[in-house]
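Two complexes are shown next, each including subunit A; its partner changes from subunit B in the first to subunit C in the second.
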Partner chain A sequence: MSEKYIARSSAIAARMLGSEMMIMSAADSTFFTLNEVATAIWQAADGRTPLSEIVAGKICEEFEIDPGVATRDAEQFVDELSQHGILLVSEQPILNPSSAPPPEEL
Partner chain B sequence: MTLLAEMNQKALALGIPISVHLDITYRCNERCVHCYLDHDDHGEMTTAEIKDILGQLADAGVFFLTLSGGEVLMRRDFFEIVEHARGLLFNVKVKTNGVMIRQKEARRMRELGVEQVQLSVYSHRPEVHDAITKLPGSLKRTVEAVSFLKSQGLKVAIANVLMTANLFDNAGVIALAKELGVSYTLDPTITPRIDGDTSILALRAPGSELRQVFRNPDLVGNVEEFCAPPPAPDEDVMEGYPCSAGHTACYISPYGDVFPCVQFPLPSGNVRQQKFLDIWRDSRQLKEVRSIRAKDLSTCPSCAHIGTCSRCPGLAYMEGNMRGPSTADCEKSFHRTGIPSANMLRKGRTGPPLPLVQIHSLSPAN
Partner chain C sequence: MSDGKITGNEGFAIEIGGMPILLRTRDTCFRQLLSDRYAGFVSDLAIPELEFDIDLVEPSTEIEADDDVQVRKEGGGWLLQRGDFQAQWDTSCGRGQVRQSRNPYAIDSLLRIIHTLILAKRGGFLVHAASAVRGERAFLFAGVSGAGKTTISRLAPSDATLLSDEISYVRRERDSYLSCGTPFAGELARVGENKSAALRALFFLDKGPENRIEPLESGEAVRLLLRNILFFAEDEELVRLVFQSACEFVERVPVSRLTFVPDQRVWDLIR
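For the complex of A and B:
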């Protein structure tokens, strides 16, 4: 199976609120909140790190989640956010994603 | 409860200013008869100062940022400010008269990911709109700006201030908004000028017009529901806060002054002298605003409308007591339901009102 690379879109508004991330898509004004795990994936979406590496390094390890479950959930999460233009997805590294740095936690 | 309402609740619990209204200038190319501002530049914040404030606001957790004025495009660095704000991932809304927006400016706003642009239109008739703005040709320019912005796929709203000078034109502006495919907001609020001059209050729409507005389904949706008598208040109502001013929202002037709201001129600090977060957390004035519950108000706790009234603490403050009634909202409640407020009964007044109200209408035509 091919690798997936994910990058944050710049066409969004985003801010940490406590432990959650608020995100609004500029494309369709859909408003999301991401829980801690989803926020960790979103913050790690630098376009260069493969999704599998993000899941293994950031999710399974930090949140002690079963790799199979984490991979399935992450794939689903990435698909959903990419449909709203919040994450850019590619089978190649995304070298110029026009992405912004992730907001710092408060 | 919507997700957005949940986030507002969470911001309230965490003490986070989720929304900030920043006026970047008071200068303007129009001279609207009802405007409360002084249009001279008394030392606006520089580009660098505004960028620094934006960074502080992002650090403080601000998500919704409204950039307004004056006319925002009077600042040559307007797009530099928007670009910086978007780089910090704010949800940016811009309020403008649109006179300086052509295709190029509209495209730039879309490229920068501005969430919504709100333009002021006072009438569908040039002779009325231009007489209010005192700028010949302004309606034509503003309507063209709406089209330019709309053609870029931006969300656009028309804001119409109701006053004696345009009393019978709101239906025409609603029709114009529908024709242009944009949403419409009616705002009958006329406030005293920033220098204390109250002469412009003579422009307030009379109660007879308000009664009509409250019974217009295009503006209020379900009229029967909107104008229904208020239910008896419960404990939650009495323990509740009046509005988001100072709780999850605040206003910053072009000179760096911080207030609970653009309509609540209680000086609470200045970002040229203190960090924003220090003002937000420690300002004595903001703490006082936050301490007020419905049960602490004077007169209002005995009022039938307390659970449904749109009482504005800023307007109450301008009347002399932030814990007191806002006469304009008392009268709004009266004209909406036909039931006089406790304040009106106390004053023996159920006659013609002095409206100072805000209504945000529906018609999400975008």
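For the complex of A and C:
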């Protein structure tokens, strides 16, 4: 099974409010509120770290979630956000993540 | 503030939220119609921030078609159009032209759009909400059609000043917000008072079996607020700014759900 790399799109606005990350697509105004686990994936989406590594290192370890469940949930989350252009997904490292905003940039 | 008299030769300023916009037309009847329509908001002292020349045209299929609002950047400014008007606004010089029929509501829509564009860059917004001042503090009552904006406006006690029963004006003032009266009326068909006050709270309305106020979590507050902010432009930069404005507003102003029984006792909670 091939690796999956994820990067934050530059066509979004995001902001941390309280313990929740709020993200809106600047293209279609779709609005998402991320919970703590989803926020951790979002913040780790640098285009260079494989999703499997993010799940193992950031999710399973920090939130004590079963690897199988964490992987399935992460794949589902990534698919949903990528459908709205909020996350970029590739089988290769995304080498130009500089165009993507840092996790909390507006 | 004038009592609605025409000032100047062919133009007069409509000042909403402290932002005067000069409208010019050579048609004296239409000028008087607008002057009467915006009577409480006509200013003969203000220096306008923007100026629009109105070109009245006869109704035609070209301009009367029931089109949706379109707002997009074009050249050095904005192109704004709906079924009953077409306007161009050159942002570099603050001037524009409007082609429209004699329908005064076309100007109403134009003013709303212009204010949303300007407010987006200044941290404010127009929102689907009734608003009122009580005890020198302003309160917003937001919600979609049927949520209770008209009802709560109608129930307002005599010591409350109604700023709007439909579209409220929120202006950023450093780390706080002002709510300003608007002439944009809803079902009450009553123009708001041209006053402003520091904003104390935003309530999302819901009719129910008892009166109660429940604070909203930030995420829910932002989601509901974004759903009620008026915004028409197809422009990613401004969408980001509106999102930023909504988040910053929620960080600074208490946002709650107000469930209410439609009688005057609900106003006992609004202080």
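General remarks:
Everything that follows uses one rule, which is that the second predicted complex is superposed on the first by the 97 of 106 C-alpha atoms of A that agree within 3 Å, B and C clash if a C-alpha of one lies under 4 Å from a C-alpha of the other, contacts with A are read in each partner's own complex, and residues count from 1 in each chain.
The criterion applied here is as follows: a residue touches a chain if its C-beta (ideal position, glycine included) is under 8 Å from a C-beta of that chain, and two chains touch if they have at least 3 such contacts.
Computed from a predicted structure; not experimentally measured.
Considered on the superposed subunit A, subunit B and subunit C are sterically incompatible, since they clash.
Once the two complexes are laid over each other on the shared chain, residue contacts for A:26 go to subunit B and to subunit C alike.
Of the two partner chains placed around the shared chain by superposition, subunit B and subunit C are both touched by A:15. By the touch criterion stated above, A:68 is placed in contact with neither subunit B nor subunit C. Clashing C-alpha atoms between subunit B and subunit C appear in just one of the listed stretches 8-16, 44-52 or 80-88, and that stretch is 8-16.
Looking at subunit A, you'll find residues 11, 13, 15, 17-18, 20, 22, 24, 26, 29, 31, 33, 106 touch subunit B in one structure and subunit C in the other.
Residue ranges of subunit A in contact with subunit C, taken from their complex: 11, 13, 15, 17-18, 20, 22, 24, 26-27, 29, 31, 33, 106. Across the complex, subunit A meets subunit B through its residues 10-18, 20, 22, 24, 26, 29, 31-33, 100, 103-104, 106.
The residues of subunit C lying in touch with subunit A in their complex are 217-220, 222-223, 226, 236-237, 239-240, 243-244, 247, 250-251.
Of all the residues in subunit B, the ones that touch subunit A in their complex are 3-4, 6-7, 10-11, 14, 16, 18, 58-59, 61-63, 86-92, 113, 115, 155.
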